[in-house]
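Same chain, two partners: subunit A is paired with subunit B first, then with subunit C.
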Partner chain A sequence: MSEILFDRISKHYDKEETIKNLTLKIEDGEIISLLGPSGCGKTTTLKILAGLVNPDFGTVYMDGINVNPLPAEKRGAVIVFQDHRLFPHMTVGGNIEFGLRMQKVPKRTRREKVEEMLKFMELEEHGGKFPDQISGGQKQRAAIARSLIINPKVLLLDEPFSNLDQRLKEEMRSFIVEIQKKLKITTILVTHDKEDALMTSKKIGVMFQGELKQYGTPEELYEEPSSIEVAKFFGEVNEFSIDHEDEHRIHTYLGAFNKTRLSMKRGVYYSKLLVRPEAVEIYYEEHSENMISGLVMERIYAGEKTYYSILCGERILKASVVGNCHWNEGQRVFLKIEGKNTMLVK
Partner chain B sequence: MFGVKKTQLTPYIYLLPVISILLFVFTLGLVMSIFQSIGVHGDSGFENLTVEYYREVFRSGGFRSGLFFSLRVSLISTGIAVIIGVGLAYLLVMQQREWKILQILLKLPIIVPHLVAAFIIFTLFSQSGILARIGVLLGLMEHPREFPGLIFDRQGVGVILAYVWKGTPFIFLIVYQVLRSIHGEMVEAARNLGAKGKDLFFEIFLPLSIPSVFSTFIILFAFSFGSYEIPFLLGPTSPRALPVLAYVEYIHPDWMNRPYAMAMNMVLAGISVFLVWLYHWVFKKFRRHNWEGRSR
Partner chain C sequence: MKKQTSRAVLVVVALAFILPLMIILLWSVTVSWPFPDLFPREFGLRGLAQIFEEGSRALESLYTSVKISLWVTILTLMITIPGGKALGIYDFPGKAFIKIFALAPLIISPVAIGMGIHSTFIRLGLTNTELGVVLIHIVPGIPYGIRIFTNIFELVGNQLEEQGKVLGANSFQVFFHITLPTILPGLISAGSMIFIISFSQYFLTFLIGGGSVITFPLMMVPYIQSGDRTMAASYSAVFIVVTLCGLLAIEKVLKLYYSKSSGIAGAFYTRKKVKS
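Right, the complex of A and B next:
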């Protein structure tokens, strides 16, 4: 267990800045996710912490100690790689034992610990098998077991669910959360899938092009995104420019919104108003002020939700409603958007 | 259905003229050699079938010492080439630099023909060669003949030197690529788990490159064992390497010596077949060690 601080970390590869001035603090025993598209610098961040890559600038602290000068084997930060990287010439047991052998742990202790770990990871029957003889999920467990057996201070998971099918993915997500809770080990999970991050982590850092754009709880990221990029990463949004604002209201294409109903911070200049499709309410009739008239252009029924494209003036507004709704294409409807359900970004 | 079959057969049809010529020449040569080695030659037909030529060959001291000489020279030269090739590849991979000029220099011996390689070794290491003269110039010896007789010597040092010079780059080229892919992924994983220095070499690099090292060893050994030019040009007159011995018997003016040459050729062929089997066995045995890397 360890408290981690990335202090103004930068890294270049071939003149391209892979990580730009990253500052991030992770509390002891916390599980967080770094979320972002491929090539945004998430894996490099993990490798810098693990000591496999040196930063060009900045310092990594573990429990307040600068670990930049420490080699990988002395950091206690272990990565579980996306492709598992189990050693193909060793059995599952041999793979799990590897780290202990490197630490020169006596043979008897090693055996006992491997047995314990196989049991803990529900791999008892597979200890003598080779990696090519076990399933994807079992490989994942073996890779995690191999990392956990050496009691790391930090567990780093690089896209741990990307090679698994949906059922296995769900199983592994809860498995990892369970292990983290039991061992209380500081864990950083890197993923490009927002669902993985939301389902496993208390806090999420969103990265784009080497920059940490926002770090916060899932609620903060979803309801108060710092930018359009972050908002879009967590789902579809309707985006409107703010035309002008007066003392009490802001004015957009959709109409005017009372400032008291919006989560606005003082001194911040906002340029866009964002509305998630589920925040758009659809009615047959205009029954209150500020409702917008629209024409249903497209209706897609997708089981849990029904998705609508509604033409409002010259703009198409995306809306989604839980369950099966019966506004049909070509039908005139009235839309209502509550100010408290909108988001403002710079 | 016919279309599918036609598509599947197309490459074979295109290759048929070349394959049939190759197969015809190879099969004819092999069958004739087998027949001649068991006494079917000239006008005698199949009347005098015998294994006597094989017995004679195995009883002959010249054959036994030639066989031993060939095995020893091939084993030593291949062993040295493997040690140097793997060592160089490992050092270069660990440096994590391209070393382009060094790599080009290392590849040079591959394109040099064996005859030229023999000439280079002769020019460098014979008692009238460059090294002997440099030795005299530096005052290390009074006369070039004091330089150790490495060419035409009974130990086959000149032959070994030529094979090492030719074989090392071959080993290097193959093993270097394998070690590079291991270095990228597996070594990162091992370092992450606390491995360093010799642990990385013995736990990761060596076991994962075993199939490549073994297979290149077998290919190189088989080639050195069956090769004729270098031992003919740089080897001793006694003992003679097996392929040289077979050639001498083959060109002997007495037609009756031909079956002995063919029996020797069959022994050489038998050992080569065994090496091919060994090659496949190694791959099968160490299939889990066969790390080819993944796309990154």
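Right, the complex of A and C next:
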């Protein structure tokens, strides 16, 4: 349990910058996600915190102490890797016991703790098996058990769900949230899947090409993205260039929008207005001002939602409606977009 | 049909290995075997008796040989494991050059290397000593060790070691509990190879040992040269049996050590408990 601070961390590999000036603070006992496409430097960030990789610049603090000079084995930051990395020559029990044995904990205590941990992780029957004799989900739990047994200060999960099928994935997600709540252990989860991040974490950091683009709550990231990249990472968006703005309105070629967004900051120049497909409302008739006329080009029914591509002027607008809807291809419709449902980015 | 062909090939290959050995074994218990007889005319244990008689120099040299080869195996492994790991896992300037350089003893004749080292050893007073022989035997073993361990480490990487470190193991613990058991198959093959190379070394032993350090091959060669086939074959038979035993011993000891150590790792979860 520990408060973590990455202070202006940079790391180069072969002249290529893997991590650019990363500053990030994680509160004690918090669970956060680092989200981004593969190769964006998320795993390197974990390795820097764990002490497996030395940063070129910057300092890592744990509880206010500079841990840069500490070797990996003294940091208490344990990574659970994507491929589990269970030691193949040891049994599951032996794997879980490993950390305690390295600390020279007496055999009897070790035994008790391992039994307890096996029970906690629902692995009682598998303690005597070797890693290649258990399933993927069990391996995952064994790897987490092996990390938790040494009471780490920070638990680092590197793509913990990527090798699991959908059902197991959901199970593991709630399992991790549960143990994190129970043990109050500072946890950093690295993933490329926005759903994993949204469903497990109180806060999410979005990384692209080694840069932390935005760090905030899921709501902030979804509703007030700092850039088009971040917005797109959380789902499809329609983007419009802003022509000009006056005191109350923002003008795009699709029409004018009221400046009701709280996210508008004074002195910031916004160049784009973004609209999520679900914020586009579709009507038969033009019943209020500022509605946009369009032609349904494509309709895709996907069960819980129906997706539309609508031609407005020369642009295709994406829209989605919950449930089954009856506007068909070739039909003329009118679209309404509330100013409050739009997002502005620089 | 295909199966039969491959079986036939296997039999031929096996015979190609076994027949020469059979002939050696036959010769070792032969008193006379004149041309053109297909089988020996008279059998006897003259050769083996001479080797195993009390106070025999052969046994003494056998002891020296085994001792030297074991030391060479241990020392060469100590050099080539870290060497192979560095070449297999880490990137550093000049890596390609060092990779080739480590194989140099394979390319350059051992005579040339031996002569050069000989003059240095004279100055250091290492000639005519067992230590000198051990040191010179390390040279031909290095390329094999480096090659095997480089490949092994390229294959296994250092992921498990990283995991060990973050779980709180220091470098020493990581090496003994994780690295060594992971490279065990390579350890056995490299160890056997190095043992055999050292055990069958004639020229380098002769050069550095200068006749004061008598190993088994040194005893054997004069018999081969003099044409006493029974004696030569007896020596060869003992040579083969000892090498085989040596190899088996290396494999057994290493396996036993690590099955035990992983037993300690999972102190109460040993292999026996596995049900599957």
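The definition used in the following text is that the second predicted complex is superposed on the first by the 342 of 346 C-alpha atoms of A that agree within 3 Å, B and C clash if a C-alpha of one lies under 4 Å from a C-alpha of the other, contacts with A are read in each partner's own complex, and residues count from 1 in each chain.
To be clear about the criterion, a contact is a pair of C-beta atoms (placed from the backbone, for glycine too) under 8 Å apart; a residue touches a chain by one contact, two chains touch by 3 or more.
Keep in mind it's a predicted model, so treat the numbers as computed, not measured.
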- [ ] Consider subunit A as the common anchor and indicate whether subunit B and subunit C clash or fit when overlaid.
- [x] clash
- [ ] For A:H89, decide between first (touching subunit B), second (touching subunit C), both and neither.
- [x] both
- [ ] Mind working out whether A:G128 is in touch with subunit B, subunit C, both or neither, as first, second, both or neither?
- [x] second
Task: Superposition-derived comparison: subunit B or subunit C, residues of subunit A touched - done: C
Task: Contacts of A:K107 with subunit B and subunit C, given as first, second, both or neither - done: second
Open item on the list: With both complexes overlaid on chain A, does A:R146 touch subunit B (first), subunit C (second), both or neither?
Closed with: both
TODO: Figure out whether A:G294 sits in contact with subunit B (first) or subunit C (second), or with both, or with neither.
DONE: neither
Open item on the list: I'd like to know which partner A:P225 touches here: subunit B for first, subunit C for second, both or neither.
Closed with: neither
Open item on the list: Give me the intersection of subunit A's contacts with subunit B and its contacts with subunit C, in residue numbers.
Closed with: 50, 52, 71-73, 78-79, 81, 83, 85, 87-89, 98-99, 101-103, 130, 146-147, 150
Task: Residues of subunit C touching subunit A in the complex - done: 159-160, 162-170, 173, 177-178, 181-182, 184, 258, 262, 264-271, 273-276
Open item on the list: For the complex, give me every residue of subunit A touching subunit C.
Closed with: 47, 50-52, 71-79, 81, 83, 85, 87-95, 97-99, 101-103, 107, 110-111, 127-130, 133, 146-147, 150
TODO: Can you check the complex and tell me which residues of subunit A touch subunit B?
DONE: 50, 52, 71-73, 78-79, 81, 83, 85, 87-89, 98-99, 101-103, 130, 132, 146-147, 150
Open item on the list: Quick check: in the complex, which residue numbers of subunit B touch subunit A?
Closed with: 185-186, 188-196, 199, 203-204, 207-208, 286, 288-291, 294
